[in-house]
Amino acid sequence: MTQFPSSLLTGYRNFMSGRYVDERGRYRALAEQGQSPQTMIVACCDSRSAPETIFDCGPGELFVVRNVANMVPPYEPDGQYHSTSAALEFAVQSLKVKNIIVMGHGRCGGIRAALDPNAEPLSPGDFIGKWMNLVKPAAEQLQNASVMTDAERQTAMERISIRNSIENLRTFPYVRALEEAGEIAIHGAWFDISNGELWVMDSETRDFKRLDP
Amino acid sequence: MTQFPSSLLTGYRNFMSGRYVDERGRYRALAEQGQSPQTMIVACCDSRSAPETIFDCGPGELFVVRNVANMVPPYEPDGQYHSTSAALEFAVQSLKVKNIIVMGHGRCGGIRAALDPNAEPLSPGDFIGKWMNLVKPAAEQLQNASVMTDAERQTAMERISIRNSIENLRTFPYVRALEEAGEIAIHGAWFDISNGELWVMDSETRDFKRLDP
Amino acid sequence: MTQFPSSLLTGYRNFMSGRYVDERGRYRALAEQGQSPQTMIVACCDSRSAPETIFDCGPGELFVVRNVANMVPPYEPDGQYHSTSAALEFAVQSLKVKNIIVMGHGRCGGIRAALDPNAEPLSPGDFIGKWMNLVKPAAEQLQNASVMTDAERQTAMERISIRNSIENLRTFPYVRALEEAGEIAIHGAWFDISNGELWVMDSETRDFKRLDP
Amino acid sequence: MTQFPSSLLTGYRNFMSGRYVDERGRYRALAEQGQSPQTMIVACCDSRSAPETIFDCGPGELFVVRNVANMVPPYEPDGQYHSTSAALEFAVQSLKVKNIIVMGHGRCGGIRAALDPNAEPLSPGDFIGKWMNLVKPAAEQLQNASVMTDAERQTAMERISIRNSIENLRTFPYVRALEEAGEIAIHGAWFDISNGELWVMDSETRDFKRLDP
């Protein structure tokens, strides 16, 4: 029989004898009353970009979607299954979150693939290729900016993609309506995994500004 | 201008003055060398079911997908974008993870919706409805098991869904091949948010057994 | 008769009764022995970007060229007068500086003009237009990156221009020879006038990295 | 990889922990609102002749051009790039400065070279030679004044060159027009680096007079 990864079993035991002891009552109450997180965050699957870690959150605080390159697709009610759209619908219509954050990060592998004109499909299905098409027009523009370094294009594209996902959020009718009514606020953020810096998007200029530490 | 949620700003500052101070070198090394997590985990968006918390993981350890009801759809290379399939392709083919865990949890709202024959769409697009169709046949079967209580059907369905997602993982040709070659191990887990219990699926019987604390 | 600006007269008197008192001996020695600054810096005329202030330098330390957008033109020994080239020749061949720094800054008016496709000449001579042609090809590339915000293009162009000037430095045969012989080191820097951050160019990747405060 | 000069890094840190702390708000305001210096000054690259030091100026006060021997060339709208002319055009037409100061100094190396009939080119391009041709007729006259000492010719030439540059300023049509309209005032100054004395040019007689300390 396959063994559950032992490092995770050790980690689980640390959790149960450490943090869980302090939070036990909170977990019980949340189980009985249900969750009511105020914020939904769309973050990347990347192992270095965990929202609960970065924002020091405990159970009940964040409704977390994680996909490659933290993207939100545009609204397409076509009868197909769309996992990020389903999560958004649930968070907004059922949990009634007050905030939606799209959080990107530095060194994102999905964004790197999108900027690589010679990227080969990882498998015949080319799921990453199709998924990253969500930002293809912008990526092609940036590929032409040869006077920028690779790292400059990478960082620029990570932020462009966040703005793109925020625009896609607004293609969902209920998101747009709730935002206009002041019931939901939309935010962009970018986490520099190399040094812990958090940059927040200015909602007017759409530029990213580093938070004072 | 909309304000970034202040509780999250406070949490970020706690992170930077606390945990990050200890892990600073690790983040920097991970930024320079790239990530090489050994495990991919598919967990639920639920705010009470955070893998890094439950397994006490730091940066670089877990590649995390989070969607409603922690589901993996079957392999469908149809040219559409599929976010969970893209994440799986990236984790397996590029990061070459050694383990894939599908982790469900108690009180899952998505599973509750799947079991409710009278569930109304949350919006005209009915994304949750379509998404939860991934477990529809099994859900209908359980709906007919009227001699079970709601809570018994709920827990049963959460585990059935994990098994279903694990079967779907094996419809991806490269996952199946790597598992048969002993390069990848697939695991199921279920977290009881009310008391912190972790149940792990026995790969032979497919039953869930509680870990000793 | 025109009055010398009174604020500057006051400033001069502050200098003479303050700082000059401490540095009097140094000025006298420098007058007698001549200057031997180790570093030449090319900075912008901008009133917010003064090298002696930013690097807390006293007399004798920095040989300072200041022109619009801190640019170095390519080597053109065509018999015309070229003020920045003359300063470079003097610094390298006569003063034998060990370091040349090209320092740009945020919110640079010259760079903003270069990025503006609709910029009108400030006078019939259009000296700024001609001067900024030193970075025209790169500016046109960036103008096409419409997915970037104005501020993102501005910062990118400021750094691209620094790299461009550094390449132009290397078109001067004696600069190239001395650099290869290890006698001169060339550096790029960018000063964020909004918050005092100093970013230094990595000589290998050519990316700009913020100095830890 | 080449190291940024450590003395400058130390100086930058002194700046950030000292002066910048007091001026932080000023830099931020200047970044947001833009610069509006009232005075443009043309000074020498010489490390002993820094305008911000001599006039105790902070950010936002002086628009500073620095070239060898603080010269202003005559107006030549010939389509070539002219860095000092570009800076002048920007300062007058865009920033609308009220004052232009040409500030020379004692022991100026460029002036010394101009007075030396046997001066060898510093490199085949002879940029200094060509640049100093801006004052060649006057320099040749002074070379013939053999009854003056070297130091007397040096000081005289430094001041002659300032007057020459002021005449060249007036060859720019917009400078002349604005001066006649009383919108711009032109000043000459000469800084004695050996003892801190500042001499200001009388606009009528064109003689330099020492300021009372």
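We just call them A, B, C and D in the order they show up, numbering each chain from 1.
Methods note: contacts are C-beta pairs under 8 Å (C-beta built on N, C-alpha and C of every residue); 3 or more make two chains touch, one makes a residue touch a chain.
A quick map from chain label to UniProt name: A, B, C, D = Carbonic anhydrase.
Bear in mind that the values here come from a model prediction, so they are computed numbers and not experimental data.
Engineer: Would you kindly say which chain has the C-alpha centre located farthest from the C-alpha centre of subunit A?
Structural biologist: If we average the C-alpha coordinates per chain, D ends up farthest from subunit A.
Engineer: Suppose you list every residue number at the subunit C-subunit D interface; are over half of them used by both chains (same) or under half (different)?
Structural biologist: Because over half of the interface numbers appear in both copies, subunit D and subunit C meet with the same residues.
Engineer: Just how far, in Å, is the C-alpha centre of subunit D from the one of subunit C?
Structural biologist: 15
Engineer: Using mean CA coordinates as chain centres, what's the gap between subunit B and subunit C in Å?
Structural biologist: 53
Engineer: Please output the residue numbers of subunit A that touch at least 2 other chains, ranges allowed.
Structural biologist: none
Engineer: What topology does the chain contact graph adopt: line, ring, star, complete, or other?
Structural biologist: line
Engineer: Could you please write down every pair of chains that are in touch?
Structural biologist: Chains touch in the following pairs: A-B, A-C, C-D.
Engineer: With touch defined as at the start, can you tell me which subunit A residues reach subunit B in the complex?
Structural biologist: Touch list, subunit A to subunit B: 1-5, 7-9, 11-16, 18-20, 24, 27-28, 30-32, 34-35, 37-40, 45-48, 50, 52-68, 71, 73, 75, 77, 79-91, 93-94, 99, 101, 106-107, 109-110, 122-128, 130-134, 172-174, 185-187, 189, 193-196, 198, 200, 202-204, 211, 213.
Engineer: Spell out the residues on subunit A that touch subunit C in their complex, using ranges where they run on.
Structural biologist: 137-138, 141-142, 144-149, 151-152, 156, 159-160, 163-164, 205-207
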